[in-house]
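I've put the structures underneath this note.
Both complexes shown next keep chain A, but they swap its partner, so chain B is in the first and chain C is in the second.
Showing the complex of A and B:
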């Protein structure tokens, strides 16, 4: 026998997202060798360690997508660590002694749209 | 915990409204929610266990209509009675400023209900001299104001004081000029069965926007449509009656929402928990499907077309199908001054206002509506 149709239900979730997402782009103006995904992740961890110490460096951050050509990536971080991650990326100035900067293009906690 | 430490761990406010219902229920609000969300820039359809565009969608996708880019259009032309009588009163007219940032620039939008919304900075508001209200999200010191003008109001006739004041403010006091994205849907034709003769007539009716504006100012554009087939996709198992999911049996609505975002952004779902780069994987329980069809439509998409699409997706299940569910995701413009109905929308850090339908085989549906920090709760 077919199950009965679903009854109406509405739930409002306020600030309940477990993770937040940042679309970032790494700027490396010197035009040298580009980092790969693992190197980018290492850079993010190093930025967190520099500003927030070992506890900050242990923050679970995922590099969901990475495009080496444009140096843009989507990062996923647990919601309680979002401020730490963004502040660490903002204050990061060097990658392998080369000047660099992270630009946060978009931030959200929901299903993304592509640029 | 001290206040500064607490603030470090606080993420910005956001809302996710999840509704469940049945598409054929007489009081179902799914169409109303779509209609209330006027400005849509991207529609994505994901159908598991499907490799090509289904027959039911072919006609709707092939004829998705056109929208228009009107350059350097003065806002006072939208309050001219010729425009109101030709378009605003005779159908659903949508207009939204193009390439303006809601948190920095002046923005304008025309809703299909005939309301013209101007979101302006403090200086422009004081120069315009029209009555408005401070933005709800501009803080203690109001730096942004919202002016709403009802073009279909009985008091807003050509000889009335209201119309004269608005026209003077927008034409002489502080002329505002923008590039607009526009679309017009003649709602009078909706009740007639769409024969081929009428479809061509609809096209002719739609082109009156082209004939209203000078040729060098207006350009007709077609939404961009792309298809792709995803192979070996892990899909979460869902039960239409269980919004919160059931442990070991089905996933929750939030898990599905996150998974769908990953799929639409081509994120790898097959990571191990020990992986250094990413540990994200498909929520459990899940099944792997051989193929899934993904269709993306980008442009200035009006709600009436989305309702048509949703109806066709419901009729996809009128024949037996392998898929248990399919999804329809709609993204709103990040820089639109309104989200649902006339609710004010702000960018804050993301500008998200989007919704997602999950339609099940038995026509149960889930609807998730998501907004960011500077937004009201969706209706």
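Showing the complex of A and C:
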């Protein structure tokens, strides 16, 4: 009996990738202020600064796309800072004194334009 | 089971003015280093260095020699944070200074050996730079004494001798 076809395809990149990409969603309590793109970037940098200090805050992180309606964004970071960014996002707990959380939906080291 | 490996960083406190020397205390140096790590590497860096601690293992306030200990995995983190120390603060007194790293060793003993050799070399440069005959004579004496008493004495005496010469040089 043949196994059911896989619903996803896994691709492994052998060579060192320049960047890693993260698709994240920000979870906020209802009725709170929603950040715009600049505030989201500031939030990410603040999270990095808290956990990894000035060195972490200096990492090149870009917000490539951001939808304010769904609060989902695609972040790009250089590969050496991928773990730092993810850990900082995980440990972020507050946005403007209200609870919040980042959910990482997907991550890839392939360019988002190709996918 | 493998033992935990440490790295010992030997550095020198270079104060801008000689009256900052009473500032050099174990607690002041420790907290200054800790602050520098916290600023540069955040909570993560602080936790990396606080297990075994950037513990101050040896401190000579007279020569300004400091020996710091950290885990082997994170000594790069400590070394890169050391230049960010800009002042020492103790009892409300603050003195601007910086830490220059002399040596990174695996044991306290290797750092001690390096320090003796380093101080001996410093004596020779002092001898070249000295201006009058009196200084020259005193440095010569201490060079002779530190090379003659090598077998019997240990580093402490040599350091003190070097300090005396330091004093005459700056006065």
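Criterion: the second predicted complex is superposed on the first by the 95 of 115 C-alpha atoms of A that agree within 3 Å, B and C clash if a C-alpha of one lies under 4 Å from a C-alpha of the other, contacts with A are read in each partner's own complex, and residues count from 1 in each chain.
By definition in this document, a contact is a pair of C-beta atoms (placed from the backbone, for glycine too) under 8 Å apart; a residue touches a chain by one contact, two chains touch by 3 or more.
Note that the structure is predicted; figures quoted are calculated from it, not measured.
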{"item": "Contacts of A:106 with chain B and chain C, given as first, second, both or neither", "value": "first"}
{"item": "Per-residue contact with chain A, leading partner among chain C and chain B", "value": "B"}
{"item": "Chain B versus chain C as contact partner of A:35, first or second or both or neither", "value": "neither"}
{"item": "Set intersection of chain A contacts, chain C complex versus chain B complex", "value": "84"}
{"item": "Complex contacts: residues of chain B adjacent to chain A", "value": "7-22, 24-25, 27-28, 41-42, 240-241, 243-244, 253-254, 257-258, 260-262, 264-268, 271, 276-280, 329, 331, 349-350, 352, 354, 356, 362-365, 370, 372, 377"}
{"item": "In the complex, chain C residues that touch chain A", "value": "37-45"}
{"item": "Chain A residues within the chain B interface of the complex", "value": "2-3, 5-21, 37-38, 41, 60, 62-66, 74, 76, 79-84, 106-114"}
{"item": "Touching residues on chain A, where the partner in the complex is chain C", "value": "49-56, 84, 87"}
